[in-house]
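Look for chain A in each of the two complexes below; its partner is chain B in the first and chain C in the second.
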Partner chain A sequence: MGSKPPPPPQPSVSFKLVLLGDGRVGKTSLVLRYVNDVFSDKQEATVQASYLTKRLVVEGVPIMLSIWDTAGQEKFHALGPIYYRDADAALLVYDITDNDTFLRVTKWVKELKQMANKDIVMAIAANKSDLVRSKHIDTNEAASYAESIGATLFVTSAKAGTGIDDIFSDIAKRLLEKRKNSSDGLSLAHPKKGILIVDDEPEKEPPPKCCS
Partner chain B sequence: MATSPRSPPGAPPPPEFEISRQSRLLAALSKKVIDLDELRMLAAQGVPDGAAVRPTVWKLLLGYLQSDRALWEQELAKKRSQYAAFKEEFLSNPMETARRQELEGQGSENAGSTNNGLLHRSEVTQEEHPLSLGKTSVWNQFFEYSEIMEQIDRDVKRTHPDMHFFCGDSSFAKSNQESLKNILIIFAKLNAGIRYVQGMNEILAPLFYVFRNDPDDKNANFAEADSFFCFVELLSGFRDNFCQKLDNSAVGIQGTLSKLSQLVAKYDGELQRHLEITTEEIHTTATAILICACSKINTSMVNPQFYAFRWITLLLTQEFNFADIIHIWDTLLSDPDGPQETLLRICCAMLILVRKRLLVGDFTSNLKLLQNYPPTNISHLLYVANKLH
Partner chain C sequence: MTKLFDRAFASSAEDVKSDIEISEKIGLLQHFVRPHHLDIPKLLHNEAAWLLAVKELQKINSFKSPREKLSCIMSCCQVINNLLLNVSMSNDRTLSGADDFLPILIYITIKANPPQLHSNLKFIQLFRRETRLISEVEYYLTNLISAKMFIMNVNGHSLSMEESVFQTHMESARLGNHTSVASTSSSQGLGTSTTGLNEESGDTEGLKFPFMDSETESLTPAEVKQLHELYRQVVTRYMLLSKALRKLSVDEDQLLNSVDD
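Right, the complex of A and B next:
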């Protein structure tokens, strides 16, 4: 079968982003707010990992984010590396009202440094800010930690919908910047990593059956 | 095509067939000694809701009730009191235990010391000290499990959050949550090698729901104890999927996933090859995909982890609505060899039913489709799955 790879209707740069963090810190809620702009108090626990995509335009460049929303529980770690091993970015989430979940973030960072891309872009979301009554949210410790690992820190609330667009756009901007500066340069037609996304509508021809 | 994955739709059973199936089921259940093979055969096609016998049927299928009806009452009483003992042993906290021991001690010693509820310093043994790290220290065990108990608590609170039975502010929902928690904690403590894994709450939920809604009040009141034993029985058939140490072995989740690939390859090679290419796509460039597609494909390479992991570990409980889950479980529990073989056939049928969309889909669209499986005629799904024998 003569199957030329169909040219994508529009050039698209694709990045893989993985969400990591302790259970019930709001990873799924964060992503659902970002991708679908919805929030539910009643979110089932994620088992393994869910896959979502989001298109956005950064500085005139259309970008596709492939997002892996992973399960928080330790048990699923053993299977976890496939989700972050070749990720371009990691969004680490903790619950601002629970310090233990912040410690978990620092553990994740250590693991990423060992196992993931050397130049993985990292951002930290201090989530559930809506639960903090005082106007002044103390994130000094988290902010200086974030700085020390080259990550950015954002205070977010999936419930109120605050900080979410900011954190994802920040990640996307830094990813784009990095791609531009990398030795490959920014090649829209042939992204080095990730996949060519055609469109949401499946219109690709089935693969050739020549091999059987 | 020889294997005919696009079989004609399974015709829904006519009403009179449904009624006759119901009466056959009732007849089978009223025998003095129940013929389990007959029961499995009838239940595999779905237990009619109208008969109100699902709790009994599931208990029989899971071996919790024996086939001889004369033994039921005695056996149930035994199990239920055994469960009460588990609760006593595993759910009371060390503070209460210490108080109780002290009270008992006072009764026998008839000591003159004032009872202010506190232990005297000298009376606290090394093992009973809250900071003791000894293996038999009740406190050490208590703290070791507190993290798991927190995890269980969080997950139980978000089990079927859309159902009033499980969630909400009603005292009924609260007491049901309490029961689910008790069962999972006791299971975790009795099974130190597995303890608690997220998703166990999802497997427990249908059992508890069915037993708690037994029209027989006495049975409904003992739903917690009955669910516990049935949960243990159900998990014993495929607990290896939950065991991290076995993840990469033939019996662990990876082994189960590759069995699914083999099954799909057997019945729909074209679909299998396409899934293999599209699910690997994320790791490869477009050029490599073409090379891969034209070269000889090694079927063992496939990794359905992205979509089938949840299907298998949760026995499909997150893929369909609750009524459909119960229907699927009638069939799953009817498999005399445990749920796994039937489960894999149903997973395979799920892929076959959406094969047209999968064959034209890329990685993104396929994965989204399979992670958000569309509403399906369950009778038809089970019909297709049954054809894969």
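Right, the complex of A and C next:
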């Protein structure tokens, strides 16, 4: 059970990405738009929206993103750590027309800094930009906030389909860079929780020989 | 693994205790938690699909291997996903994500009260080969783990109600459980009718006995109206109760005496 199986031929490097954002900020639409993109090489009918995968190639390296959606309503907030504990990346989504949803994002960022992976890659999506087409979108404050936490801010619209590919390729690029720099190298997936049974130190006496 | 099952599954006293705790808590929640308490949109209410999901989850103890147990969880989640897909297609609505999925899974878990929930989850996490616990299966397992966590830490806020209302509901559910133990034969019918009443009064009233401490002179016309409404409820309940007592052939005086004892 615990002995290391022979490493399976890994077709790609896989990463886990969690989606965080207040209820109804459009995070599900955003990801569906990304995954079901007409230009995607492999078109599969999407039968669910909570867990999605996307294959993409960054700098010649095939990458697979597992995208974990989370329930954004306030009452489920405390469950967050169960999902993002071992995530490689977090995409934080807020509604550009609703400042409260941005405050939720800052709350998650604080938590991620404390409880998530040290190297977690973060990106912030200012979504529903199509709703403010008439007005000037002021994202300066959000952008400087994003910079201060080492994340990138993208203005997106799931409806119009803008900014979505950019945000995911940015995440993928940064993930790949981190993975390259880490000692793990590209071939190893990060260790998962569970029992790992390691053999005891080899016995002092050599193993009994037979037929000699 | 199946040979080791008896030793590895729910083998510690702590696990047994946790299992009983959760199961008892769910038993109480079953009395009053309704879909709207968990923000499940009306559009997704589908008793038939939910029942199917409940049945899948309840099968979890019919299997001994972590793989088979996991597949029960997966089937349950699959049913929910199919429901979400159908609703989105027939209403031309964006496919629901976790915002709708998790609340439904929590509701299903409450309805199902799956046997030994804690031990089953622990067992799967410990003994499923880690390389197999990736991706989609892990996602849905994580959701059930978080549903369990939600249930363990449930309070008024997480069910969109005042804490006092929540406590009242829990208390009356506890009382309901005791009476159902005492008379199992007739508890079925009585149980459902009382939960119905609880729901009505619980949503409008925070306290168990409102106006008990109020001064008669200080009542506003609106409150008098409310009081009248409550009076009607009390009378209806009293009538039902005495009818039930007559059926059980218990005399009212006899009951009063037994309370005094």
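Note that in this section the second predicted complex is superposed on the first by the 160 of 212 C-alpha atoms of A that agree within 3 Å, B and C clash if a C-alpha of one lies under 4 Å from a C-alpha of the other, contacts with A are read in each partner's own complex, and residues count from 1 in each chain.
Here is the rule we use: contacts are C-beta pairs under 8 Å (C-beta built on N, C-alpha and C of every residue); 3 or more make two chains touch, one makes a residue touch a chain.
Note that the coordinates shown come from a computational prediction; the quantities given were computed from them, not determined experimentally.
Participant: Contacts for A:145 in the overlay, against chain B (first) and chain C (second): which applies, first, second, both or neither?
Facilitator: So A:145 meets neither chain B nor chain C here.
Participant: Output check: A:27 vs chain B and chain C. Expected answer is one of first, second, both, neither. What do you get?
Facilitator: After superposition on chain A, A:27 lies in contact with chain C alone.
Participant: Given the touch rule stated above, what does A:53 touch, chain B (first), chain C (second), both, or neither?
Facilitator: After superposition on chain A, A:53 lies in contact with both partners, chain B and chain C.
Participant: Going by the contact rule set out at the top, does A:69 touch chain B (first), chain C (second), both, or neither?
Facilitator: The answer is second: A:69 touches chain C but not chain B.
Participant: Residues on chain A in contact with chain B in one complex and with chain C in the other?
Facilitator: 5, 23-24, 47-51, 53, 66, 71-73, 75-76, 78-79, 82, 192, 194-196
Participant: Of all residues in chain C, which touch chain A in the complex?
Facilitator: Those in contact with chain A are residues 1, 39, 81-82, 84-85, 94-99, 101-103, 125-131, 133-136, 139-140, 142-143, 145-146, 149-150, 153, 157-160.
Participant: Which of the residues in chain B come into contact with chain A in the complex?
Facilitator: 151, 154-155, 158-162, 167, 197-199, 201-202, 242, 244, 247, 253, 269-270, 273-274, 277, 281-283, 285-286, 289-290, 293-297, 303, 305-306, 309-310, 313-314, 318, 357, 359-365, 367-368, 371
Participant: Could you list, by residue number, the parts of chain A that touch chain C in their complex?
Facilitator: So the residues of chain A in touch with chain C come to 1, 5, 8, 14, 19, 23-24, 27-29, 31-32, 46-51, 53, 66, 68-73, 75-76, 78-79, 82-83, 189, 192-196.
Participant: Would you tell me which residues of chain A are touching chain B in their complex?
Facilitator: For this pair, the touching residues of chain A are 3, 5, 16, 23-24, 40-45, 47-53, 66, 71-73, 75-76, 78-79, 82, 86, 192, 194-198, 200-212.
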